[in-house]
Structure formats: C-alpha cells, structure tokens
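Just below sit the structures, each encoded as structure tokens.
There are two complexes below, and they share chain A, which is joined by chain B in the first and by chain C in the second.
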Partner chain A sequence: MIKYLIRRFLSAALVMLVVTFLMYVLIDLAIDPLEDLRTSTSPNAAQLMENRIRNLQLDVPSPIRYFWWLTGVGGCLIGQCDLGSSWLTGQAVTSMLQGAILNSVKLVFVATFVSIILGVTVGLVSAIRQYTGFDYAITFITFLLYSLPVFWVAVLLKQYGAIEFNNFLRDPEVNWLALVVISLIAGAFWMGAMGGSGRRRYINLAAGTIVTFALLAFLFGSNWLLQPGIGLIGVTVTSLAAAVLVTHLSTGLHNKRAFYAALTTAVLGGVFYYAMQWFFYFVPANWFIILGLFVVAILVGVGVGFAFGGPDKGASARTAAIVAIIASLLVFVDRNMQVWSNYSNLAQIRGRPIATIGASSPGLQGDFWIQTVDSFTHLLLPSIALVLISFATYTRYSRGSMLEVMNQDYIRTARAKGLTERTVIMRHALRNALLPLASIVPVDIITLIGGAVLTETIFGWAGMGRMFVDSLGKADIDPVMAYILITGILAVVANIVADFVYAILDPRIRVNA
Partner chain B sequence: MTTSLPDPSKHEDTHALEGDNAIEAQETAGLSQGQIVWRRFIRHKGALSGLAVVLLIAILAYSSVGFGPIPGWWKFNHYNTNDVLNGGAPTWQLSNIFSLGEHPFGQDDIGRDNFARVMKGTQISIMVMLVMGAISLVVGVVIGSLAGYYRKRVDDVLMRLTDLFITLPVIVVGAVLGVLAGKYSSPLLLAICLGLILWPGLARLVRGDFLSLREREFVDSARVAGASDFRIIFKHMLPNAMGVIIVNTTLLMSQAIVLETALSFLGFGVSAPDVSLGQLINEYQSSFSTRPWLFWWPGLFIIVIALCVNFIGDGLRDAFDPRQKRIPSKKEMLKAQIRTPERTEEEAAAAVTTGAGATGMPFAEGTPAQGPDRPGPAGTVNTHDDPGDTGDDHDGKPRH
Partner chain C sequence: MKRGILTAAAGVAASALLLSACTPPGGGGNEGDGGGGGEVSVMWNQPFYSMNNNTSATNNVTNANVVYMMNDAFKYYDENLELQDNTSFGTVEQVSEDPLKVKYTYSDNAKWSDGTPVDAADLVLAWAARSGNFNTTEDAKRDDEGAVEDAGGDVFFDAAEPGLALIKDFPEISEDGKEITFEYSKPYADWEVNLTVGDSGMPAHIVAKNAIDTEDPEEAKKAVLDAIESKDKGQLAKIAEFWNTGFNMTSMPENEDLLVGSGPMKMTDFSEGQYLTLEARDDYEGDRKPKMSKITIRYNEDPMAAVQALENGEVQLINPQSTADVLQAVEGIDGVENKTADGATYEHVDLTFDNNGPFDPASYGGDEEKAKQVREAFLMSIPRGKIVNDIVKPLNDQAEIRESFTQVPGSPDYDKVVEASGIKNTYGEGNVEEAKKMLEEAGVDEAPKVRLLYAKGNARREQEFQLIKEAADQAGFEVIDNASETWSEELGSGEYDASLFGWQSTSTAVTESDANFRTGGQNNFGGFSNDEVDKLYDELQTETDPARQAEILGEVEKVLVDEGFGITLFQFPEIVAHSDQLQNVKPMTVSPTMFWNFWEWEM
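Up next is the complex of A and B:
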C-alpha cells in the first residue's frame, strides 16, 4: 500500500512539473507586461520599456525563467517558500495567498458540503420515485442547472437575493400572492417526494402547502426576520420532530429503544439550550470551544443510545447521535440569531445585512457571534451560486447509482426475504449507492474551484480565483503561477485520495503495489 | 422468454420488460440500426423539441443580421448607434405580443439595437460551440482510438497526456488560452484553442470502447483478411463506437457554450468589438438596475441553447443505447391493453413468430398492467431496466 502511494505521488509530482512548465510558457506567451508602455505617448516610453524588461528579465527565454521560478517553489520543501512577487505591487505572492487561500477554502468547503447533502438527498428520492412526475421535474431542473451560466445567476442573486431583500427588510410589505405560489410549489414538491397514490397524494399536497404557507407567513408576516430566534420551545419541538424523523429513517419507529433514545436526546437538547445560554454568557466563545461542545453533544447522544441498551446498541447510539447533532446545530444557530438585530444595526451594516461584495465587512468590531453572522451573510450568495453548479452533478450521480443498485439481485433478495421497504432502501441500497460518490467528490471539488473563479470575481470575494483573474488580466505571471500550482496540487492530491478512499471502501478493488 | 429471434437487433430486447417490449418489438422489425436510432430519437419529445428550438434560433440568428457579406432582413446591425427611443426600453411587450416595434429587445445606452446585438452574439456563440465540438471530436476520437487500439506504450503516453489536461480546471486553462487568442481578437481562434482543451473526457470514453471492441471477432477477421490498422480503426471499429461519440460530443457542446460565455464574461474570451452572449452580459452587467433587458435577453439565449443541446444529447443517448428502456406511461400501457384484443388473428400470428406475441401475451390474457412508476417488488416493470441515464456521460466522466 505504501509502495503504491509513493508511486502515485511520484507520478503526480512529474505531472505537476510538466503542467507548471507548460502553463508557464503558455502564460508567458499570452500576457504582455509591456502593453501599457507600447501605447504610451510619454517621451521616455522606450526608456521605461527597457527598464521594465531589465527588471522582469523579459529578455531571458521563458523556459529558463521557469526554472528560476521552480527553484523558489522548491524552497517550500525546506520551509523557505518563494513564489515570486507581483511586479505591479511588489507584494510577495506568499503574503497575497495567506488570506486568499482561507477565503477560497471556506467558500468551496461550504458549497461542497451543502451541495452534497442536498444533491444526494434529492437524487436518491428521485431514484426511488423513478418515472414519476417528481422524477421528471427533478431531471428537468438538473438539465436547467447544467445549462445555467453561473455568472448570470450570480448577478440575479445580487439583485434579488441581496439588494431587493435588504430593501424588503427595511420596508417589509409581504406579497401574499407570491407566498401562496411558493407554498403551492413546496406542497407539490412534498407530494412528489412522499409518493403514495390516490387520496394520500392530495393529503400530502394540502398538508405540504398549508405547513409551508403557515411557516412563511410567520417568518415574513411577523417581525421574525428582523429579530430571528428559535427559542427554547422551538429547539425542543424541532429536536423532537427530528428525533421522530431520524428514527423512522434509520431504525423504524417500531424499535422502541432507539426511538426513546432519540426522544431523550432531543429533550436533553432543550436542557442544553438553557445551559448554553448561561455558558456563553460567561465564556467568550471561539471555534475550539464550539467544536468541543459539538463533540460533547455527540458523545452524550451516543451515551444515551448505549444507556437504552438492548441487543442493537449501535443502532440506538447512531440514531441518538444524529439527533444530538441536529439539536446542537439548532442551539448554535439560535445563539447566532440572538445577535442578528445587533449585527444588523451596526454602523457598517446599517440594516442591510445580506452582503454583495467581499468576504467580510471591513473594520467590523464584535465578538465571536457577530463575526460568525458576518461570515454567514457574506457566504450566503456566493455559496448559493456555487451550489447551483454542483447540485445537478450530485443529483444525477446519486440518482444513477441508486437506480443501478436498486436493480441488483441482492436488493431483490432483501425484498424476497420480507424486509420492509425502509430497510431495503436505507440499509441495503443506500450504502452501496453512496460508494461511487467517494470518487466523485474530489473531482467535483476541482470543478468547484474552477467555478469559484467566476463566483469570486462577481462577488468581489478576495480569494485565489479572483487573484488569478486579476493577475492574468494585468499580465502578472507570478500570482497566476501560484494559483495554478496550488490548484494543480489540490487536483492531483484529490485524485489520489479518491482512488485511495474508494479502494478502502470497496473491498472488490485491490490496490496492487 | 423468447429465444428464436430473427432480427439480431432485437436481441437486447428479449430481456426487456413485458409492456415495453410489446411496443418496442413492432417498431424495430426489419429496420437498419440507423433507422432504429432515428425512430427512438424522434420519439423522445424533449430531444425533438430541443432540436427544433435550436434550429429555429440558429436560423433566426443567421438570417436576421446576416453573416459575412450576406445582409440579413433586420434593419439594424450590432455596431451602429441609433437615436435612443423611450430610454431604450423594449418595444416588444407582453401586452401586445404581435407588434415587434422599432427595437423589440430594446437599446443600450448609446442606442445600439439590442436585438441585432443578441443575434450577432448568438451567431458567434453558436459558431464557437460548433467549432469547439468539432475540434474536441476529432482530437478526442483520434487520441482515444489510438490509445485503445494500440494499448501498451502508446496508451501510456496518450493517457498521461490526457492526465495533463484534466489536472487544472477547464476554465483556468481556458482563460490563459483565451488571453493568448485575444491577442489576435478572433473568435474562431478562440474556439480552436478552447476545442483543444475539452477533448480528454471524450478520449477516455472512446479509449474504453475501443479496448473492448478490439477483442471482438469482427476485428480479428478484418485483421486476418489483411486490413491495415488504419482501415480496422476507421472502417470497422469507429462505426461501432459511434453512439458514445455522438452522444458525448453533443453533451460536450453544451459545456462548450457555457465555457465560452463564462470566459467572455471574465474578459478572456470574445471581446469588444466582437460580440458574444457572454461578452454582452459582461458589458451590461452594471446596467442591470437601469436597463434590465440588456441583461435578460443574452442570458435567456444562453440558457435556451444549452438546455436544448442537453436535451438533444439526452435523446441521442436514449436512442443509441440499446439497453436503455423507455418505460411507457400509464396512458400508453392502457392504450396498448385496449389495442391488443382488437388485433386481427393474422397480426397476432405474425407477432408470435417475431417474438412480440409472447411479450404481448400478458395483455391479451388481461393481466392488469402494473403501475409502471412503482418500483416495488411486484412492479417487475423496471427490474430489468438498465439505468442508462446514470448521468455519467454528462461531464464526459467514465461510465461504470
């Protein structure tokens, strides 16, 4: 195995050398750092041009300059990175990268996470409801998303998701007709997703529409958007609902031990909610504390599951842990919502919380919660734009692989021996259907990094993609090469990880060294 | 089920589900492969309407503003400025849909006709799309077939070359090539450059097909008969890989148009004075709040073209993939059920000999049609269905 990895990494390094070399020569051919001077009317243009040629050593052939650049990159191996510097600003590329990498990673990570969860869920449901109206509608929507130019959607998002929405917050006037239409669409979605036939479909449609409408009417009609919050009751009730749903999906409600474990965890979530209010009052939060609390919550869930015991402790523990995750997320979201109106009234925000530009509000002072809300409002629109790119991919893939699995003999066997449809789908089909995703996620991350070039440019997000676009437009080769180097390394590593993870998950695949 | 089938093209259908086969089998009797594919394609309503819409758009775009020296029937062109009428608002309104007016899509701030500009942009975007598709097709097919046919050293070298191309996101390499092509400000050169980076997915698929095709008997017999490698590859194997190639080239073209518009939007693709749909959006994005029509129309055309091309690709995939079964809708099942008893004896007898009778039986016996949309254990309707639409082919990623 180690031999295999070493061989893969060596060949990857070779690929990177060739790619960077080719790109260096290509970029050098493409850009023209002297462009402004060629059209310049200044009397000493020739002199300036000569100076610049000397400074940038443009008289040296580009392959030789590539090896100079490579020497600097090689320094990274011994801890002395020199990726060159931008000749326009004189800033070292390594310092330009520091904030940019973090911003890009944040954006791509959030988008990947959201699109996997949404895309896979929708794809699986669509596969289970194959050849129904729901399936056709989802197929059409994925085709539409494949065809949507992301930059076009991003401009629309800026206009309607940020500018108009902020206007709405300032002067809330609810368009009831729109709410009714949205509720009807949501109701149709639930009807399609829940399946069934005849009367049940209409009941689902009506219930979905009414619940969505009530929720929307509450959110928009009351002052909720200005002073959002979930509250003790909201957290408990939502956790209980999540407990019922999660148990239903994972073990079935007939498994009383798992069900009670999940319900207990949900109630504990309410208790924790109360405790956390005091905790956060006295302890200034940071990400380590939050992550620690998150782990504690999961452990509590697992503990409750084990405490209920029974022959399949594992299933109960798993169910309770999932409920614990949901409950703790609710508590976290609620705590953020509590500072929302403070945040919204800050001098930098002036009641227009959804941002269209940048990765954070400049000069924002505030505690951890204010900062978190600030990143959220800035992340929201660019992530939606990115999610639109990869949501369709995940939906199609998970639908396809689920259909393939559902036609396997072992699924028929599972049904033949009388297992419930839930067990067949959740235990036998789902796990096998998710397997191929292990090899798709890394590839999709590359696509998202590419998509981030567009999104970052439109939303003025100071990430690597924007650095690439700006520098390429200004004939600044070193930052462009840094971007290509990092993206290339990410891609190569992602592919190795994909193969590796797949080999670990699928016992049919052997890695032969 | 039936084993004696006179027509080998129906072989795959023997495994198919009952209801579908009844409809399918009659349709494939005595037809060539091309006819079968065409029949399956025109049955795919989405693909057919996609094809119609794309053709309409192309005809509209090329005839309205003309191309090259040929003038079009539209009175304005994409570069002349005219008087700005009514703030440049579109004269083609939903309230009076039959009157185009002076400037149906509106005007920009200096009075250029938006309809002419969008049409010109559509022309260039379609041209770039076709050229990119053609170049990726040629390069991908040549590299893929050589790698798959010769294997070993050639395969290694060519596949490492392919790896080089997929290491970086397409848009990044595209941007660099776009800047390079931008020096000569020629959309055709841009299309050629971009075509040179989109082929790896196709090459991998063709290689995979060739690896399995070269083990087939007909290749051996061609070789024994003394055919040259060139002849074997292009006369014997390539026609057999046509389905994969056509489908993926189509899907690649929908990627191509989105890539071109994205690059033009970033300013690395088609740039002024040339227009393309992405370049128009780039130019007008800041005027969205004042002149939204300048922004809506080019975007709408991109979406419609890409969507239609995607649907055509989907239809072609269904048509080419013999394992792909179309599940008849409930209505069609009912119709087939009603029709079956009405068949004359003669027809029924003929159907038995062609194998369609055996599959038609359940209907004749009055077995209630299973809900085709119910994947339950009893709904054997789709248990044999191969999910040809795994979505793999969309990005040219390898099939399972």
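Up next is the complex of A and C:
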C-alpha cells in the first residue's frame, strides 16, 4: 500500500515537472510583455523597453528562467512559498491566489452539487424509462444544454433572469398564457417520469399540470415574490411530504417504524422552526452556528430513528436523518426569506434584487441574513448557467451506468425472487450504478477549483479562471504558472483520490496491485 | 392507519394556527444600513493597483482615475482638452523665460487628508523621483518579476520623464514651503504639464515615515528635502524603494498611510478584483467638492456585462469597448443616455521609405521625385471617406476623418494645424481616378506591389484593408495582404511597404509626436528622414510660446503631407453610456477620461 502510494506520488511529481516546464517555455514563446511599449508614442519608450527587458530578464532563455521559478516553488516544501509576483501590479502571486480560490470555490460549490444531484436523478429515471418519449426528450434536452455556449446562456439569463425579472417585481403583471404552457410542460415531465400506462398517464399529466399551475399562480399572482416565506405550516407540511417520499424511496412505506420515525422528525421540524425564530432573534447568526444547528438536526433525526428501535434501526435512522436535513434546510431558507423585502428595499439594491455581476453588492452593510441573501442573489444566475451545462454530463453518465447494471443477470435474479421494483432499483441496481460516478465526481469537484473562465468573466467574479486568462492576456507569466501548477496538482491528486474511493467502494478492485 | 395520519395532520394544523397567533419577531429586525442618496456606481474594465501611478509599472489609466479623484493637482483637462487651473490647490506660473523658471505656489487649503499641509517636500520629491536625475544606477537589481527588490544601496526611481529631467538643480523654496521655483537647464515647451496634471506628487511625509521611519510629519518632510538636496544616497535609496512599490495594492491595505490624499474623495473599501469605493471627505477644503457622497467603481471587462449591469441598475455609468453590437444594445435600453464620442486611439497608414520597396527612391535609381509621386498616388487612392462612412459612422454618426498627425480632433490647435498642413486639399476623401492619373504620371512600368501590414484577427482593420485594397488596385497598385498576429513586433523590420495601425494619445504634450517623425525616432518605423522636420522638432523642444508651438506643428505636418509620409484615417469612437438620472457626464479622450469632472456629477 505505502509502496503503491509512493510510486503514485513520484510519478505525479514527474508529470508536474514535465507539464510545468513545457508550459513555461510555451507560454514564454506565446506572450510578449513588451507589446504595449511597441506602439507607445512616449519619447522614452526605448528606455522603458530596456528597463522592462532587464526587470523581467527577458534576455535570459526561458528554460533557465523556468528553473529560477522552480526554485521559488520548491520553497513551498519548506513553508516558504514564492510563486513569483505579477510584474504589472507588483503583487505576490500567493496573495492573488487567496481571493481567487475563495471566489471560485464559492461559485462552483453550489453549482457542482446541484448538477450532480439533479443530473444523477434525472439520468436514473431516464434509464428506468429507457426508449420512452421521456427518455428521448431528456436525451434531446441534455445534448441541447450541453452544446449551449455559456456566454450566450449568460446573456440570456441576465436579460430574463435579472433585468426582466426585476422589472416584473417592480410592476407585476402575470402572463397567464406562459404559466399555462409551463405548467403543461411540467405536467408532461411528471407524466413521463412516473411512467405507467393508459388512464394513469392522463391522471399524472393532469395532476402535474394542475399542481404546477397552482404553485406558479400563487408565486406570481400573489405578493409572494416580494415578501416570500414558507412559514410554520409550509415547513411542517413540506417536511411531512418529504417524510412520505423519503420513506417510500429509502425503505418502502410498509416499514412502519421507519415511516413513523420520519413523520416524527418532520413534526419536530415544525417545532424546531418555531424555536429557531426566537433563537435567531436573540443570537446573531454566523456560519458556525448554522452548521452546528445543522449537525444537531441530523443527530436528532438519527436519535428518533433509533428510538423507534426494531431490528432495522439503521434504516429508520437513515430515513429520519434525511428528513431532518430537508426540514432544517426549509427552516434556513425561510429565515432568509424573512429579510428578503428588507434586502430588496435597500438603497444599493433599489428594488432590483437579482444581480448580473459581481460576488456581492459593494458597500452592503447588514447582518448575517442580509449578507446571505446578497450572496444568493449574486450566485443565482452564474450557478444556473453552470448547472445547465454540467448537468448534461452527469445525466449521460448515470443513465449509461444504470442501463448497464439493469441488464445484469443478478437484477433478473432479484426480480425473479419476487422483490418489489423499488427494492430492485434502489437497493440492488442503484448502488452499483453509482460506482463509476465515484471515479468521476472527485475529479470534477477538484478541477472545478480551477474555475470557470467564461462564467467568471461574464458574471464579474474574480476567480481562478479570470486570473489565468487576464494574466495570460497581459503577458504576466507568474500568475499563469501558478494557475497551471495548482490545477495540475489538483488534477493529479484527484485522480489518485478517485482510484482510492473506487477501491473502497468496489471490493473487486485492489490498489496495491 | 389512514385515520392516524389524518388525526396527526389535523393536530399539526391546529397547533400551527395556534402558534402562529404568537409568531416571534423573526426577520425584519436588523436590516442593512440604507445609505443616503447620491451614490453612483461606475463600471471599469481593469482593477486599480497602485496609488502611485507615476512609475513605469503603474502608469495606467485605471490607477490614474482613482488617484485623480483622491488627489488635487494644479491643473486638469476639461472635455475640450484645455488645461484648467485648480486655484484652490495652487497656481503655476512662468517667472522667467530664459533661463526658464517656473514657480509653483500652493494655496493654504492644500492639505493632505491626515491634516498635514501639502508643500515643497511633496513637489520636490515628485520631481526627484520622476525625473530620474537622482538615479545612481541604471541597473537596479530586481527580483525576476521586475519589482525593485534591492537597489543595493543605489538609488533607483522607476520612472523617466524627459521634461522633468531638464530640471537639474534643487529648486528655490520659500520660507513657509508653499512656493517652489524650478529652473530648467534649457527651455522646454511643455513646462505647463510638468507636475501639474493628474496628481502633484505622493505625500512626502508618508513616504519618509514608511521608508526611513520618521514619525513626525514636519521632520519627515525635512528629511526628504535634505536627502534630495544633499543627494544622500543611503536615504534616497530607501525612499526610492518605497516610492516604487510601497503604494501598490490590490485590496484595502492594512497600512492606512497609503490612502492619504489631497483630494475630495477617500477610499473606504476595495475588494480585490470586484469593486472600489470612494467616499466624499467632510474635511476637504478645495473647490472640487463633489455632489455625490459615494462613487463605487466596479470591475468587469466584458462589454456586454457592462451594458446589462447598466440596464439592471447595478451601475449608472459605463465605458465599454465599442463594437456595433454593444452600441445597438446600449441604444435599446430605456432611460439610458449614450454619449458615443471620439476615443483616444486613431488609425493611420504609414509608408516605408528605406526597404527598396515601391515607396523607396532607391527602387527608382534614387529618383526622389518619382518615389514621391508613387507615394502620393497610393495615399490618394486610400478611400478615407468611405472607410469612415462604412466602418466608423455605424458606431458614431458624428464621426469625421481625422486630418492631423499630431492633434486630437477637438483639441485647441486642431483646426489651425489642419489648415497649415493642407492635408484636406491634397487628399480629401480619397480619389481613385486622381490616384490612377498620378500613378501614370509617375511613369512606373508595372503595377507597384504594396505589402500592407496590419493586425491579423482584428475585424475592423481587416475591413479597412479590404476597402484600401479595392481602391488601390483600381488605381493601378497591387496591394498584398500582409496581415500578421505579431504585427507590432514587425514594425520597423522593413518587411512591408505600408502599415495600418493605431496610435493612442496619452496627453496633449506638444513634444509627444517627436519620436514618430524625427530621423531615427523611436516610433519612426518607416525610415522617414527629413532635415526640415528634425530642425522643427529641435525648435519645438525649447519653444514655450503656445502659438508658435502650434505653428511649428503645422509646418511639420505640411512637410509630412508634401513628402507623402502617410495618411491619417479616423479617431476610433468610444461608448460612454449612463443612466439618465445621472447628470453632467462629459466624456474626454485622455486620462482620467470621463472621470475628469466627477465632482459635477449629480443624481
């Protein structure tokens, strides 16, 4: 095992050396730090040019400069990082990285998780309904989204998601025809996803359409968008619905202990909601408190599951914990919604809450909730843009691997034993279908720290991708090399991690081979 | 079981109703600090990075804009590019013509934001640093990125202004330090813009405090003056090191000293790569008192993002890179005023005189006259009118042909210089028939091959090339597409016969064009050489009378036109768009661009 690790890391180090050397030389060939001086009309341009050549030591061949740079990087091993500095701004690259990495993580974190959850779910359903209209429609839509250029999506999102939406908030006039069309599409989606035949399909279509229409009509027709909220009733009812759904998928509703545990947790969610209103009134929130409360909620869910006891305690605990997560998320979202109208009426916001640029509103002063809502309004559009595009990949992966698993002999065996379809899919097929994803997801998450260049640029986030492209454009080699170094290391590490995760999940694979 | 659920649900609903009767005081409570009116947000493309914008590394308009708002100076440019006095800060006057002596007088209101008066030490430091006269080494040791790391005990200020270098001697300073008189070693045409525009130096006491640990402002000022007067190498080396890089920042600095300014705004927030906030100072005593209480500059380089942010009300003023799409988008927005105007870049075609090409007399056995006729024929064939109509008018319907090599349209001397050069009468809008006749008169045997160098991938220049080629081919030339991605490196290589690119004006200093047209000048890429032009520039260097300066430039341009040096095309338009609630925005072409009258902005 140790030997294997050492071998992997040594080969990774070798790869990094070759990559950085090649990139350094290639970038140096491609950029021209003197470009602006060549067209300068300044009388002393020659002298400035000479100064710069000397400063950047452009008269030294780039392979030699690479080793100078490498010496600074080597300092990182003994805690004295010197990734150089930007010659344009004089700023050390290490300090440039801090802000950039934070912004990239913030931007990409939400988008990645949403697209993994959505993508995998839709992919699985699509696989179960293979070769139906639903499957074809999903395939068509995912490929369509996958091929959309992000700069174009971003412009459209800004136009309709921000500018027009904000206009609507100022002067709410509902386009009922559009609501009907959207509701019908949603109804069709649910009809396809639920499957079944004949009458049941029509019932699903009608139910899906009506529920969606009612929901949209309430959201847009009432004052809800200006003063949103879920409320005690909303939180309790939604948690109860979640309890039913989660139990159905997790253990099946016939497992009474699990079902009651889930329902109890949902009701506790309501109580929790009420208590939290007072709690947040007296205690100024921050992310540590929020995360702490989140952990408490999960523990309560687990506790309730165990309290119902029985031979299958684990399953009950798991089910109740998932419900607890959903309920506490609802409470958190509701608390944010309570400051929405305050936020929207701020002088900086001027009643136009959804933002098109930046990571936050300049000069915004407010408590934790105001800041959180501000982050949300800035994250919304770039996250949607990223989700729309990366969602497709996960859908295709999970559909493919699910189909493969569903055609295995052991699935047929499971069915022949007379297991319910739920058990066959959730317990026997799903787990194995998720295996290949274990090798994709770590790589995806970690490489995402490298940022999303176009999205960052268009939405004005100063992340890693922006730093890379800007520096490249300005012939500033050190920040570019820092980017290549970090994304390179992360990619190599992510691959090693993926191999390990795979080995842990799948006992057939051994890493010390 | 069904009944059980229903009962539970009913119970929940009932208790919910009960509980909601005494709902706790949830949100609503601590909302954000509203802030007053009078706040404006501006979108700019590149983030600010230094409070000292006079080193060769930091001389950038993004720095200049912020420095300009945070500091007062003796003079500023207005929208007509005329120098205006800021008498509340001080005055500048010429006290003697030969030798040239210039007296700077600070008013009593000129104070740094920490209360220290602005005086001689600040101006003398600015001169000492920016002139380069005190550098004891050409070879300052730097780290491999270019920041001066350790001058090794040597003095190295990273700046070189030729005009300031002409001041060799330590100035005369009045008792109270408010009057400073510099003597030039020889007359200098642009004395009026020396140390007067943009900012009038970094705070000497802050530099001294951070460079040589002198806490008391008065002592610090004295230490700086003494160091400069006695050329104290040890002290000056430390001062130079701090002056070069000490003021660099990419987010709010911990050392508040760096934000000391003499102007109406102070920096209150700077988020890396995102935005920078300036607030009006209450204790500012000068004339440029702003009407807005807060100016936020947000950074994003995507032009479309700027337009949409303007439409969404996140910013009120934008200056995006101009293309037809961006212009169309801006025009489609309600409540937005678009002030498209001339920008700082102008396009021109230059010919090569020294490469044995069609424009070099050497190709015709040294027949100067014949080469000149060919040059004139080629320049005549360039459809200047059509280029402006087809390429620039869609972006700016006020666009006109630029008729001067040295003057920005709209600048005070433009009309005078254009008239003197006779460029309009000679070339007009371009005339293919005339060009054809001229080429025939020149008597060349076969169609001259003209290799035209321009930027590959630049759509605008590609269009210009097409129009030029079409017309010149008709006139009897054979224009060869010599587009290159590395065009700027190829300038001066002689591997082309004509070049098409842009010059950017950074000031209205009259000597700026010297390097373009003088024999062997730094920017004279085509090998043009003319004794008369060289003599005129020698005269211009030392001519301090503005009227005579304009005359000289007119004479220079006449030679350029007569000799067929090249031809000017147009000033590239720039979009300045703002919300119609924001009043008094007036675009301007040189730094600090549209910020020049920030104190007049009103909302």
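Throughout what follows, the second predicted complex is superposed on the first by the 503 of 513 C-alpha atoms of A that agree within 3 Å, B and C clash if a C-alpha of one lies under 4 Å from a C-alpha of the other, contacts with A are read in each partner's own complex, and residues count from 1 in each chain.
Definition applied: contacts are C-beta pairs under 8 Å (C-beta built on N, C-alpha and C of every residue); 3 or more make two chains touch, one makes a residue touch a chain.
All values reported here derive from a predicted model rather than from experimental measurement.
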Q. So, does A:Leu386 touch the first partner chain B, the second partner chain C, both, or neither?
A. neither
(Q) Just checking: does A:Thr457 make contact with chain B only, chain C only, both, or neither of them? Give me first, second, both or neither. (A) both
Q: Based on the superposed arrangement, let me know which partner A:Ala193 touches: chain B (first), chain C (second), both, or neither?
A: neither
Q) Looking at the overlay, what does A:Leu88 touch: chain B (first), chain C (second), both, or neither? A) second
Q. Which of the two, chain B or chain C, is in touch with more residues of chain A?
A. C
Q: Check the residue A:Ala491 against both partner chains and state whether it touches chain B (first), chain C (second), both, or neither.
A: first
Q) So, A:Leu216: does it touch chain B (first), chain C (second), both, or neither? A) neither
Q: Once the structures are superposed on A, label A:Val155 by its partner contacts, choosing first (chain B), second (chain C), both or neither.
A: both
(Q) Just checking: does A:Arg65 make contact with chain B only, chain C only, both, or neither of them? Give me first, second, both or neither. (A) second
Q: Could you tell me if A:Tyr281 is touching chain B, chain C, both of them or neither one (first, second, both, neither)?
A: second
Q: Pick out the shared contact residues on chain A: the ones touching chain B in one complex and chain C in the other.
A: 32, 155, 159, 163, 457
**Q.** For the chain A and chain C complex, residues of the former touching the latter
**A.** 32, 35, 38-48, 51-52, 54-57, 65, 68-69, 84-91, 95-96, 99-100, 103, 155, 158-159, 162-163, 166, 231-233, 236, 240, 263, 267, 270, 274, 277-278, 280-281, 335, 337-339, 342-343, 346-348, 350, 352, 354-360, 362-367, 369-370, 457-460, 462, 466-467, 470, 478
Q: Note which residues of chain A are touching chain B in the complex, please.
A: 15-16, 18-19, 22-23, 26-27, 29-32, 128-132, 142-144, 146-152, 155, 159, 163, 197, 393, 395-397, 399-401, 403-404, 406-407, 412, 415-416, 421, 436, 440, 443, 446-447, 449-451, 453-454, 457, 468-469, 472-473, 480, 483-484, 487-488, 491-492
Q: Write out the stretch or stretches of chain C touching chain A in their complex.
A: 5, 8-9, 12-13, 16, 19-20, 23-37, 39, 41, 43, 47, 49-50, 56-58, 139, 142-147, 158, 160-162, 245, 248, 250-251, 268-269, 271-275, 277, 294, 296, 298-302, 304-305, 308-309, 311-314, 486, 488-489, 491, 501-506, 511-516, 522-523
**Q.** Sites on chain B touched by chain A in the complex
**A.** 160, 163-164, 166-173, 175-177, 179-180, 183, 254, 258, 261-262, 265-268, 278, 281-282, 285, 288-289, 295, 299, 302-303, 305-307, 309-311, 314, 327, 371-373, 375-377, 382-387, 389-392, 394-395, 397, 400
